[in-house]
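Below: one structure, written as structure tokens.
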Amino acid sequence: MLQTWLPYILAGIAVGGQYALIAIGYTMVYGILRLINFAHGDVFMWSGLIMVYLITVLPLWLSVILVIIFAIVLGTTIEKVAYRPLRSAPRMSIMISAIGVSYLLQNFALYITGGLTKTYPEISFLQKTVKIGSATTKMVTLITPVLTIVLVFLLVMLIRHTKIGMAMRAVSRDFETSSLMGIDINRVITVTFVIGCGLAAIGSVLYFSNYTGINPMSGAMPGLKAFVAAVFGGIGSVPGAVVGAFVIGVCENLIKGAGWTTFSDAFTFVLLIVILMVKPTGLFGEKNIDKV
Amino acid sequence: MKKILVLALSLVLAMLALAGCGGGGGSADGDVIKIGVFEPASGDNGAGGKQETLGIQYANEMQPTVTIGDKEYTVKLEIVDNESDNAKAVTAAQNLVSQNVSIVLGSYGSGVSIAAADVFADAGVPAIGVTCTNPQVTADCEQYFRICFLDPFQGTVLANYAWESGCKKAYCLSKLGDDYSVGLVNYFVEAFKGLGGEVVEEQFPDKNSDFTSYVANAKKAGCDVFFAPVSTEAAALIIDQAEAQSLGMPILAGDTWDSNVITEAAKGKNVDITVTTFYQEGGNPEFDEGIKAWMEENAEAKTNNGGNTDLAAVTAMGYDAYFVALEAMKAAGSTAPADILAALPSLEVSGLVCGDVSFNEVGDANKTEAFVKKCNTETGSWEFLKTQSAD
Amino acid sequence: MATTLNKKTKSALSVAAIALFLVLVYLGDIVIPAGSSWKMLITVIEKGSIYALVAASMNLLNGFTGLFSLGQAGFMLIGAYTYAIFTIPAASHDTVYQYFEGGVIKWSIVEALEGSLGVFGHYLGMLIPMLGAGLIVAVIAFLIGIPVLRLKSDYLAIATLGFAEILRAFFQWNTLGPVTNGSNVLRKYTTYGNAVFPVLIAGICIAIILLLINSTYGRAFRAIRDDEIAAEAMGINLFKHKEISFVISSFFAGISGALLAMFQTTINATPFNTVMTYEILLIVVIGGIGSITGSVIGAFLFTAASEWWLRGLDAGRWLGISASFMRPGFRKVVFAVLIMLIVLFYSRGIMGDKEFSWDRFIGWWKNLPSNLRAWPERRKAKAAAKREAKAAAAAAKARAKEAKDASDAKKASGEALFTPLPVSDTVMVFDKEGK
């Protein structure tokens, strides 16, 4: 039994870990700005794309570092240019701005790549084939969950035990009061975007090493799924997003394995709607009280 | 600031409006004949569409004029991007028609051709399908012709080939909402079952890039052959996963896979890929050398071909399509779309690189053989296996 | 703005303008030859009016009721399929449903009515499935609305988006193939002959939306948008009104889906994805959230720009400029940048939340010459004001610096900056928490 399902579970855990790294960006930004950052999936796609171009001139380690820096710069720039001026505007405007940015990033990628799928550079130690029991898979499948859990552990430590982490928690609890308390809101938001985009960039290295084609729409589906994972785990909660991502990754692959391939993407959204109906705050979310 | 921006925006829009309207005057030139190129340059089939367009552009470079009656015309290509999207294809086709093209070539990918067929029909502009193999393209459409073989034929050929190679159970993968792969799989399944084979059919959704489970499913079901006639974009990912999971069965595909994208992806990997196609590289050395030299000189063409000069079958087909169009104009003795349309059914063209072309009563080319090629993963090139017919 | 017209004149003007437009479109479609570049104008008007309808329906939801829904493409999909399935001529079923033995529905409403009622039956046969498309979408929207509309703004957005994605997978499901034709396109169904048809239908639907907005329901919708809790306190049944708005909006989205099916002549579920919804949303934003006229103008501009005016950017020559960076895809980049500029610097869109009115139009027209004449003056005045503001800011900065210097000096001299509050009975000192 396990023998037959092992490849699916392995694939699910791997893709789950990659979703988790994207989902953290969604959940943290939502926790603080109450904004679904629709452009996050495209930042992820762009990190992959930049890697394709960088690796042609630079060594691997340097490219990876530059990709992470690029994602961080891109993310924070988006925040400064497209979200900050609208902070006092209605929530719908800022969400529309996010959709606009996503549209722009996709179309710009379309122009740069000429609409062709780019092949991700081969990182040989990640793409090495390994054998586990009856299943053969890529090394990245095994590395992803471990790396994800380590990174999430570090992030949780940061949020719990550092000053900036405390500021983040305060801002996500109450935006206005914390600004009155002298917390530099802009700094907190910038740090949030730095962490979110940095993790998305790491996620892109893992994800595209596994699924080696990048086109302008590559970020859209993983982005949406990661967001659903964040909702599933309780938006604003980092461990919740990670659990949600693993659940979605594994379920999606099991569904494909069961022969329901047509509905493998639709399933994610069914899960989303079910969780929104049954427990809108997600698995680990805090109850949100509306004030008049 | 805001006011200036608004002003600038409205100025730009006003200029655009003028530009849009002004375009009409230019087409009056009597010595120019326009051929519309209706191909995807982006989206799922962007890579293939660009390669097909290359063939047409190369042909145009080789033969930039045509003598109709006793007047020499310069041929001008009007290229439009149909974005591999059935919804965008309609306005893209409309755009070609509005530029007063005499004939249209394209498209790579059957869905967009089916979607645009009515636009060409309404305008009375003849269209020549280059590599759209779904039967629906020409069925019930007087204006659409094509120079390639059809899916019922190709599906049968592939099924015969698989059966003759000793495969008893086939895994068939197609893409949701894609007329080409769904249609071809359908005919393959029909023929393969007819031979006594067994099939497992699955479909993957749009924008999917995770083929792990599909490869695992094929292994789990104990199939002997993995039939996946999907776009080259998905193909590269499938090959990658097949290698990662040691698929252990041959991969079989249709004409779309005859592309350097595939050879590139398969190079150095432990996979076994066989395709059926329109053109056998090396079949016409003069053409091969000529187009390779042209791509070498023309940096943009080389980029559009995927960064090297390896030839794709669709490029050769695009080249042929251009000459079929010229022959049709010569036969019609006129540049009017209606006259060309009238001349097409009885047209017979020989001396083409992918074999002679004549049309049957539906408007499809009479083709009875397909080339079977196998990917040499060591050198990253195609090796000719044999020609296969449907019977 | 001094001029006001009486109601009768205004209605007469509106009717005359609309009638003139319809006649022009009708004649335009007949007169303009297929090879003329002006034919694109007709195409733009057709597609633009269809998008205008769906944008108006989305605006009803997003702009007037404050419900941020992203399900429009999914509803259009159902509308398009419903219309197409019931109007494919019997003779074409075998070719269209080639993999499903001709499908299960082997008749066409158009043909059935044509047989008994002639030309009138032909149009009735088109209208009935179109209305049916709207109604089926409305029923589905009603069902979806029951759970979804209780969600807060952004959760609602993502849930409706999710439903649209599920619907898409459902329509491509092979098991439903005998009805939906699975992954293959539906075609050969009845379409309109003249461009005036979609314009007329879309116009009527938009007029109904306008009437609705100006009714008591419309006022209730706006009350919900502005403040849900206050609206509830005023006795507006929140859920009921949200549901009404959602269902009506979806109904019109369904109709526009049917029109889009006719425009495209073939239909397939793939293009009805999130990108399509985003495009509709961007049209609403360009036109102005909360203005139906804005949505209509936005739809025409958006379609014209993306399908016609900017196409030259892809081909490498545009407005006489040719450059090597203008290659396929450049059009969309320019377009996306334009949209971002609108979103960021002109977020009210073209019309803000105002509707077109003859009074304002006439006032604007009358004042146009004087406004144009006054423009340089005004610019000068503005520049002067800017300079003044700059000077004032500089002065304030200098003053602040002075004050700071003074306080620093004071600090240095040991003088207290604040006089401490006297601790007396009138000042309460709170204990620290937890003591």
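Lettered A, B and C in written order, each chain numbered from 1.
We adopt the following convention: contacts are C-beta pairs under 8 Å (C-beta built on N, C-alpha and C of every residue); 3 or more make two chains touch, one makes a residue touch a chain.
In this text the structure is predicted, and so the values were computed from the model without any measurement.
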At the largest C-alpha centroid distance from chain C we find chain B
Heading the list of chain pairs by contact pairs is B-C
Per-chain Cα centroid nearest the overall protein Cα centroid belongs to chain C
Cα centroid separation, chain A vs chain B, in Å, comes to 36
Per the C-alpha centroid definition, the whole-Å distance linking chain A and chain C comes out as 29
Residue ranges of chain B touching at least 2 other chains are 41-42, 176, 203, 205
Residue ranges of chain C touching at least 2 other chains are 169, 172, 174, 328-329
Each of the following residues of chain A touches two or more other chains, namely 110, 114-115, 220, 262, 265-266
Residue set of chain C touching chain B in the complex reads 34-40, 43, 47, 92, 95, 98-99, 169, 172, 174, 182-185, 187-188, 191, 260, 263-271, 273, 276, 301, 304-305, 307-312, 314-315, 318-319, 328-329, 338, 341-342, 345-346
In the complex, chain A touches chain C at residues 34-36, 81-82, 85-86, 89, 91-93, 95-97, 99-104, 107-108, 110-112, 114-115, 220, 224, 227-228, 231, 262-263, 265-266, 268-270, 272-273, 276-277, 280, 292
Chain B contacts chain A in the complex at 40-43, 46-47, 50, 176, 202-205, 207-214, 216-217, 219-220, 232-233, 236-237, 240, 243-246, 264-265, 303-304, 306
Residue set of chain B touching chain C in the complex reads 1-2, 5-6, 9, 12-13, 15-17, 19-21, 23-24, 27, 41-42, 79-81, 85-88, 90-91, 94-95, 97-101, 111, 114-115, 117-119, 122-125, 135-136, 139-140, 174-179, 182-183, 186, 201, 203, 205-206
So, in the complex, the side of chain C touching chain A is made of residues 62, 66, 68, 147-148, 151, 153-155, 157-159, 161-163, 165-166, 168-170, 172-174, 229, 274-275, 278, 281-282, 285, 289, 327-330, 332-333, 335-337, 339-340, 343-344, 347
